[in-house]
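Across the two complexes that follow, subunit A remains constant while its partner is subunit B and subsequently subunit C.
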Partner chain A sequence: MMSNLSLANIGKTYPNGHQAIHSLNLDVEPGELIVLVGPSGCGKSSLLRMIAGLETITDGELHIGEQQVNRLEPAQRDIAMVFQNYALYPHMSVFDNMAYGLRNRRTPKAQIRQQVESTAEMLQLEQLLERKPRQLSGGQRQRVAMGRAIVRQPKVFLFDEPLSNLDAKLRGQMRIEIKRLQRRLNTTTVYVTHDQTEAMTLADRLVVMNAGRAEQIGSPLDVYHRPQTPFVAGFIGSSSMNFITGRLDHHQLQLGELRIPLKQKVDFNGEVIVGLRPEHLHRGTDYPHRIELDVSLLEQLGADTLVHGKVPGLDQELIVRLKGAAPCEPGTRLSLGFHCDELHLFCANSQQRIN
Partner chain B sequence: MQSQPVFNHRWLPWLLLLPQLAITLVFFLWPAAQAVWQSFLMEDAFGLSTEFVWFENFSVLLQDEIYHRSFTTTFIFSIGVTALSMGGALLLAVMADQVIRGARVYRTLLVWPYAVAPAVAGVLWMFMFNPSIGILSYLLEQLGYDWNHFLNGDQAMLLVIIAAAWKQISYNFLFFLAGLQAIPRSLIEAAALDGAGPMKRFWTILFPLLSPTSFFLLVINVVYAFFDTFGIIHAVTQGGPGGSTSILVYKVFDDGFNGLDLGSSAAQSVILMAIVGALTVVQFRYIERKVQY
Partner chain C sequence: MIENRPLLNLISHLTLCLGVLVVAFPIWIAFVASTHAPEALNSGTVPLWPGDRFLLNYAMALGLETGQKTLNVNLISMLGNSLVMALGITIGKLLISMLAAYAIVFFRFRFRMLSFWLIFITLMLPVEVRIMPTFEVVADLGMLNSYSGLILPLIASATATFLFRQFFLTVPHELIEAARMDGAGPIRFFIDILLPLSRTNLAALFVIMFIYGWNQYLWPLLITTDEHYYTVVMSIQRMLSVGDAEVAWHLVMPSTLMAMLPPVLVVILMQRLFIKGLVETEK
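For the complex of A and B:
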């Protein structure tokens, strides 16, 4: 079912004065998959629980479809949620777990059976309908939890870190399965995770959260290529972005002894934080700017190698991601090149992007 | 992997067990054996002569109307105590589970009655319901209800049930509360999202998940009502009026120490022992299975 979800100036202040969510605005298109991502304690789970109705909203308005739902009980909002620990009813069979919500809504018996069975088929759970949750593996429990959400055909799906209890391999599989299901059902979805790979691969749009604020809202690639703050830049991207402090003076960037004339026009003079992704430093010769790296440590990943080292004259340690096997030994010096349009510039004071 | 400790001395484990074994022997096995032996004997009222009578004490008992009545009384009493103490405790536990502010104070207060000795609990309730000076009987009289448990057997029964249940509520409350808190909050939230109201959530989620706790408490409470309520009965009604609150364990005492019919008293305690045994077997069978969902 397609339905839009809109958050207007949503805020949450606890009775003790702690402000968990600061005035957040978000319009979710019908059928869109939004991922809320951020470090633990950033408020992403609180926000999801506010949408679900499990936490009260202290400021702003929440709409599902045309209806303002701020004061509605969770059951009346027509949403379904998949919990981190699955929250399956341990004393009920898989069938009863999935049928529980339908029974509470007084759906006719025949229809319950038909709906549960077709959902079970979609999730390959037909063989498991009579089992109790404790007789299921982690991945199966996860699917039952999703089945319980799907079977009711709600307006909105909410996922609260649903894959964090699974091992790495299963997590990868389930990620793809969730994506496929969501595409197929075309249900508006809000998905919470702290895992940036999950966030990048699943999202139509990302909401990167930090300390109760949405730092940036945008498509995964947009967020990757044009992070608005150093926080977002550092959070998105596996092996975190390198940050170097420098000065910008009349389109000239000064990094230690390195002086880089910027191609783009940036109207800013003063202290800047320069971000450069590990994958944007290269070995070839066809790059206009060069740095010398004193290699201190190698991490061999097989397909890639992460090279840690220091550039003479710069304080911060850099990480470089190079294709293939390590081209050098620790203790040697490596010459690397980059393009200046791959530099991310942030104002050191306001922490905002300036290029 | 060595998971069990190994003792190199043959006598050390026995030495460590000795205190407990000695206590069991002196305070349980020996008196129990004496009771069994005594139950085969018949004495005259002055304890001057003793005769071995095989099962005569038992056969007399089984044909004794008063003994039958005592069984019925015990039955009513233990059902009443168990239902009231478990129901009350569950209600309090569900409410305490939802208290956020001052939860610890609340819980501590609810646990206090367990620290009160049975006889004291009995006296407390007896004074409140005392027909001449009791505050509650006075209030009942204002409402036009004549309370006198010294004369009215049903009222006496009700009073000892309330007193006995009141004391046990704390214990049940602790277990129910622990049971409730062991249920993940997300289950309740999932049920709320699934459209179940508070009552429905209680009966379809919480109550079934509490069933292992409930069963355990059922056994404990029945045992309590059968055996540990002697002090309350003794302090409040002494089994009266007219034997209407004379439960089995009280009758053992009454027949033995007041009636001086030691043989019958011993036979009754042997029967009680058999009942405890049966209850214990049920309990252990159950605890070995632990969880049934």
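For the complex of A and C:
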């Protein structure tokens, strides 16, 4: 069931003039898992619903396989969607929930039974086929919702924040299960989430969205290591990246009192935003650049410790992620080192990456 | 909050018992009266305990051959008329109001809110207020003395439309979208999903509407002049207008009690669903 999905200059303008999606281009390879990620209100759900056919597309062209589907009804697009609150039919048994779409397509009875049963087996739902949704736990409902999508063998799966109603532990399990299923079925998938961990772990490619635009499209590691804008840099990675404003003059970076000669050639002079991830500040001596941190607060996570503090001469608070238990107390001074390759430089005006 | 105050309990129970007594006593009297000979009832004092003519009185009221003087009306055919009218009104109301609410909630069309408010405003106009124009229309359509004349003018219901609207508004939007994904058009969605989900609401409204239809008095009184179409509620009044003759209380009372029976049965049989439909929404 491999099929590609392509979005060409897709846009959405509401009748009141509000532009929800700005001319977005994306080619999804057959079997690829694309994650749309961004804060709430960034347009990721709107985009998914446009692909699904639940929202009209006002600009551009949407292709599924060879077919242009802009004006097709959801049921005619050969897609299946898993909703955030599952949207199971409350009065139907699990079997009927899964069979409903097939029945409406006039699939022969024997084939429906066979397809539903094999899907149920794949999702370990065989014992639950006669139950009603209200007799199921959250995780089971989630699996039924996925079963309803899988059983139709569509060209494209769409997931709209499917795990956000589950507790943290179950969410982790289901995330792995979704990834495995998608690999096994090899079906093209678009997955929407606001959770960057979910996005990083699931995606073949990420689309980071902000205010109706795709800020960056790339593999999770690519987005993590080379974010194109401060927004992407701050959104991907937990805890959030530290940003410091500074100046760049002839390959010399000026941060408050600190002067850092850059190894790479960067043809830019002027105001810059410097990003440095909390996990890229280290204790120890084998780092070429050093800063002093006045510790104000510690967050003990067990495996790691988040240290909040200020660097003399800089305005912004910094967060540092250190391995293991607390190596210091609030009120003390900590000496930390970093590599200048791990600095992310953005132009303060255009908000674009410059190194 | 659970409180245990004996005095408060006692007073509440006394109040409740008093209420039950006030409501139940007239019905008890009616029942007692339905079991006595006419002479006992016309003597001026009302007996408080049942007599020995239960079977005879009821058989006579139903017009069964007993060799005694019976009523001037045919109770069985009137019970039938009442049933046809009540069921007609109930089923018609449910169908129309459900479809109206479906249109108003799930479809975007011009004058949608206007039509909702038009329906809503008719809540303020009961049959009694618009009775002259309605009578005129029904008469012009030649529907006097017919079942359709009895049923149709009462069939539109703002109350039921409003209740269905409120219920439909609580149906999650994703459910509709999921159905669209599954290839269910508007009619399929209505039949396969909305109708089963409305089951308890339908039951609750059925009870209310059936009683409303059964208890109609003024409307049948106005438009029926043919005995074939008399309903039981209006004819009880007719049993009392016997001119100079004595009112046959021993037959009127059994008729009254039997007229009460169908609504009571409907309430008792559908009680569980009725309460569910009013207090809980299944999702």
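The criterion applied here is as follows: the second predicted complex is superposed on the first by the 355 of 355 C-alpha atoms of A that agree within 3 Å, B and C clash if a C-alpha of one lies under 4 Å from a C-alpha of the other, contacts with A are read in each partner's own complex, and residues count from 1 in each chain.
Everything that follows uses one rule, which is that contacts are C-beta pairs under 8 Å (C-beta built on N, C-alpha and C of every residue); 3 or more make two chains touch, one makes a residue touch a chain.
From a predicted model like this one, the values you see are computed outputs, not experimental measurements.
Enquirer: Between subunit B and subunit C, positioned on subunit A by superposition, is the outcome a clash or a fit?
Expert: Subunit B and subunit C clash in the superposed model.
Enquirer: Scan A:87 for contacts with subunit B and subunit C and give back first, second, both or neither.
Expert: both
Enquirer: Is A:262 in contact with subunit B, with subunit C, with both, or with neither (first, second, both, neither)?
Expert: In the superposition, A:262 contacts neither subunit B nor subunit C.
Enquirer: Applying the document's definition of touch, where does A:100 land relative to subunit B and subunit C: first, second, both, or neither?
Expert: Both partners, subunit B and subunit C.
Enquirer: If you stack the two complexes on chain A, which partner ends up touching A:326: first (subunit B), second (subunit C), both, or neither?
Expert: Touch partners of A:326: none, neither subunit B nor subunit C.
Enquirer: Per the definitions at the top, what is the overlap between the subunit A residues touching subunit B and those touching subunit C?
Expert: 52-54, 73-75, 79-81, 83-85, 87, 89-91, 100-101, 104-105, 134, 148
Enquirer: Show which residues of subunit B lie in contact with subunit A when the two form their complex.
Expert: 184, 186-187, 189-197, 200, 204-205, 208-209, 293
Enquirer: What residues of subunit A sit close enough to touch subunit B in their complex?
Expert: 52-54, 73-75, 79-81, 83-85, 87, 89-91, 100-101, 104-105, 132, 134, 148, 152
Enquirer: What residues on subunit C touch subunit A, complex-wise?
Expert: It comes out as residues 172, 174-175, 177-184, 188, 192-193, 196-197, 199, 282-283.
Enquirer: Quick one: which bits of subunit A touch subunit C in the complex? Just the residue numbers, please.
Expert: Subunit A residues touching subunit C: 52-54, 73-75, 79-81, 83-91, 100-101, 104-105, 134, 148.
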